Amino acid sequence: MNVKSEASRNFSRRGFLGLTAAAAAVPLLAACGGGSSSSSSAGGAIKFWDMPWGTPAYNDAAKKLAESYVPTGSNGKASYQIIQWNNFYQTFSSAIASKTGPAVSTGGGFQAFQFEQQGQIAYADKVIDALKKNGQFDDFLPGVLEPFKTDKGYVAVPWQLDMRPLWYRKSLFDQAGVAVPTDWPSLLEAGKKLKSIGAVGFATGSGAGNNIGNHLMIMMMINNGGGVFTKDGQLDVMNDRNVEAIEFLLELVSNGVIDPAAVSYTTDNLDAQWKNKKAAFGMYVLGVPQRVGDTSGDLLVASPMAGPHGDKAALVFPNNIMMYKNTPSQESSEAFLTYYMGQLKSLWQQKLMNGLPVFKSITEIPEFAGDPNNVKIVKEYQPIAKTFAAQGTSLNANLAVLDGGQALNQFSQTILTGKTDAKSALQAFKTGLESVIKK
Amino acid sequence: MSSTTAPSGLARARRGLAPGGPGGGSRNRTDGLNRKSKLSGQTRRTFFWLLLPSIVLLVLINGYPLIYAGVQATHDGSLIDTGNFVGVDNFATVLSSPAFWKAAQFTLWFTIVGVFGSWLVGLGLALLLRTKIPAGGTFKVLLLLPWVVPIVVSSTAWNWLVATPDSLIPSIFRNLGLGTPLFLADPHLAAVMVMVFKVWVSFPFMMMMISAALASVDTTVYEAASMDGASKWQQFTQITLPMIARSTYISWILMTIFCVNDFPTIYLLTGGGPVDATTSLVVLAYRSVFQDFQTGPGVAIAFLMTLTLVVVSVFLYRQIRKSSVE
Amino acid sequence: MSAVLHAHPESGPALGVAGPDKTRRVLSEAGMRGRWWRFVLILAITAIVLVPIMVTVVLALTPGPNSTATGLTLENITGVFSKTLAGTWLTNSLITTLSTVIVSVAVAAPAGYVLSRGRSKAVSGYSLLLFVMQSLPIITSVVPLFILFAGLGLVDNLLGLIIIYVGSTMTVATWMMAAYFDSIPVSLEEASWIDGCSVFGSFTKVVLRNSLPGILSTAIFAFLLAWNDYLVAIVFLRSNEIFTLPVGVQSFFQQNMTDWSGVMALAVVMMLPPIIVFATLNRYFSVGGIGGSLAGR
């Protein structure tokens, strides 16, 4: 944060203190204030906050990892805390603002960059150095670490990759007598044939709480060599590649290849489409067969499609672990994070993770490599994967605004309803982004 | 006639009292005010202590966040940082954005339909349940369920019923030859859908309010009226409605606040979409603060909304006060 | 006391019961037929209105994706109790909600009494202020309240949650209580003053004792608000063993994925206490419940 706001921050903090004191003076509250507060951490312990990345078994295992950490020297132990996804940004913000936040946490894909912008993040360069020393640094899959490197240092450390692969249901393609699309024109043709047998040729959704439609818009742009950011992080919405991608999506909508009700589909509606043999092809999350309870081998990962200019790209969200400045001891945070990165393998060994590992060695363990879909994603998608930064190499706080914000959601819903043309929709998208993105 | 004794009894009580003063029989309101000035210090102290806990809570839980929101609305900060003072910039930004006015318009319709829709349904059911019906009490409890079920659950159930072309209700429409309406994908139908959902969630509250008000209406009034040759409709408009008028005003005000401030009903069913068709002011404020990370403008929206609500409430409140003075 | 009450039937239960009784005696054959028609009508309406609830119950009883059971089963419901801390969450929810109800009524009743009987500008101004204050949406209050409560050590603590719930139910509750007190004749208190009661004494011994319907309706309002809230609780509660049920429900929402059989099962568990409360208190609604208490305002 800049110097000017420092003054007002101090002002407001004094305001809080004053009110806090006033509140404590109120007899009712004073009498109640004696109640125990389990949030106050034990002296020196590192608070590690984690999200429900999988089933409750995942959190149990992660908790066990965190709590079995034996610190060396004067470093503190770690305590584990689950934070629910619902309203998580509010939970983190209010905790950080009241200095009761975590020392280390997982969280939203771009959360680290948001809090970095607000001066709350401790850079992870020393953890990276430690990983270099213990050899894990060389184990990172290519390109995984770069998005986190900024001028000031590593903002966070990636620990799993949330990919958006293309899935297909083999039996529906057999039934329609078409081949799985390998490029855009074949997607359109296959989609028309699939539609004639009552199947959805390009399943997606943009209903309440569902980001898949938003991700699809960006994926199609970068699949065509476009995207909304240039190499140096400048906003670039109206480029020809984007226009072309959106025109193609509109063509899919007008031909009924994209479900006319997709605009309102939640992830549960999408799950039902995949489960009920309605969805034949589409971009979705990892682990669809397990997700919808159909592991018969009929649901498979398709190879990435080629855009009209021959570009190939996939969309990835590198999930990361971040450290905060508000910690009992920065050395303790670093020591714990270094330890935790070394323990990740066991989470994949127990098959608790939906995401892809960031370490080559984990992609080779039988529990992971035993699933041909996993192997295909690591082999074909990971090397061509791009983040929301599109042509840019490093992530930033603006991507959080792009990801969850209203501009993109409005844009994708406009496209999915089909009542627009590509250029005016992109223009509105650009205007919307400009009003919320900090330069 | 009890229909007249009840209000006059209420009015008498409403006129207030002062211990030690001569009975509260006077109909003159200014007289009541005069007597108040004679409130003994003892009584005033008792009143103060009786009010104190509520004042403390009001200041802490309601007042403090209001001030905090005021600070946020005039700064350009985030949830963590107050940021720089920007005066009324956020308000100007908000008021000049078409999204705000679109959301305001939707909020207005949502509130009107929510308030009067749930009132009409509640009234109809309350009148029906007032008559002798086998197992009437059970129905009364069952019909309260929509109000009881957590919204996160009922919104899922509604989604399950209407979201896809293969869902139950679109299938019924299709089988009736009415096409396949996409209830949540079509902007107009989605707007209708959230309103229907809101009425579904809210009518039990109205039903309960009206049932209770009806219970205090003396049924002998109706017998007398029908002997005088009054039709059922006349009985309804001239006896029933006036008798429940006050409770109706109150329920309208409360429901207006519940509707304008309603977040989960809309957010969980449609998320405000498609393309903002169901974005109300609260949803817009929420999305601005927590998804666009525009804390100042987002809180400014909430502030403007609160301000409008206060103006409307105060107006309605005055109306009630006026009608209560008779 | 009851003799006094009967002298003012508009505020007491006597009349509400007497009316229908009289009607029943004069029921004709046509009336009987009408009764059954109305029964069929209300049955149809209830059935339609409850379709979404039935969906919830059916989903709660449908075996989950990894289950071997067929048909409908209780295993989801027994499952949430054995696999999660649902029992603890239920206890926490009950503690929080009941405390909120008790404290909310305890704060609102005296304040409502002053609002009802006091006639100064300050009092009516306060009455309006209460009204205005509840207009700010709760989502803007959560962050400042968290910061304040963190300083007081009231985070991740049911007590902190209770205080917020009391604060947010108190405004409407005070109003509801004031409205009900309005319907209680002043002559009751006047009689007690002659007997030498203080203002406070007559409030507790005379007014409160005759306010059961008003208290109950206020209590139900507070009950439902506290019982169903998750927007506040999810930010304020951290530890699994301190969750309330609505926050517990959130733990079935994983990244991009939801365990709906668990959510629905817990939803059914959540529905039961309010149903029990409503069913138990049902008879009070017909003798001047919420509406009755507000009707006087």
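For reference, chains read A, B and C in written order, and residue numbers begin at 1 within each chain.
Note that in this section a residue touches a chain if its C-beta (ideal position, glycine included) is under 8 Å from a C-beta of that chain, and two chains touch if they have at least 3 such contacts.
The structure presented is a predicted model; accordingly, all values stated were derived computationally and were not measured.
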Study note, to complete from the structure: If you tally C-beta contacts across A-B and across B-C, the winner is B-C
Study note, to complete from the structure: Relative to chain C, largest Cα-centroid distance belongs to chain A
Review point. Once you find the CA centre of chain A and the CA centre of chain B, what distance in Å lies between them?
Key: 38
Practice item. Between chain B and chain C, tell me the centre distance in angstrom, where each centre is the average of that chain's C-alpha atoms. Key: 16
Check your understanding: Taking each residue of chain B in turn, which ones touch at least two of the other chains?
Key -> 53, 60, 64, 79, 156
Point to revise | Interface hub residues of chain C, defined as touching at least two other chains | key: 143, 148, 163, 230-231, 260
Study note, to complete from the structure: Where chain A touches two or more other chains simultaneously, the residues are 19, 23, 29, 87, 90, 93-94, 97, 268
Point to revise | Touching residues (chain side chain A, partner chain C) in the complex | key: 16-17, 19-20, 23-24, 29, 32-33, 35-40, 51-56, 81-87, 90-91, 93-95, 97-100, 162, 267-268, 285, 291, 293, 354
Exercise for review: Could you pull out which chain A residues touch chain B in their complex?
Suggested key: 1, 4-5, 8-9, 11-12, 15, 19, 23, 26, 28-29, 87, 89-90, 93-94, 96-97, 114-115, 118, 120, 206-210, 260-266, 268-269, 272-273, 276, 278, 400-401, 404-407, 409-410, 413-414, 416-417, 436
**Study point:** Parts of chain B lying in touch with chain A, wherever the complex brings them together
**Key:** 53, 56, 60, 64, 71, 75, 77-85, 99, 155-156, 159, 163-166, 182-185, 187, 190, 267-271, 273-276, 287-288, 290-294
Exercise for review: Name, in rising order, each residue of chain B that touches chain C in their complex.
Suggested key: 2, 5-6, 9-10, 12-17, 19-20, 23-24, 32-33, 35-36, 39, 42-43, 46-47, 49-51, 53-55, 57-58, 60-66, 68-69, 72, 79, 125, 128-129, 131-137, 139-154, 156-158, 160-161, 200, 208-216, 218-220, 244, 246-247, 250-251, 254, 257, 260-261, 263-264, 282, 285-286, 289, 299, 302, 305-306, 309-310, 313-314, 317, 320, 324
Point to revise | chain B-touching residues of chain C, taken from the complex the two chains share | key: 8-11, 15-16, 19-20, 22-24, 27, 31, 34-36, 38-39, 41-43, 45-46, 49-53, 55-56, 59, 106-108, 110-111, 113-114, 116-120, 123, 126, 128-141, 143-145, 148, 163-164, 166-168, 170-172, 174, 179, 181-187, 189-190, 193, 198-200, 202-203, 213, 217, 224, 228, 230-231, 246, 249, 260, 263-264, 267, 270-271, 274-275, 278-279, 282-283, 285-297
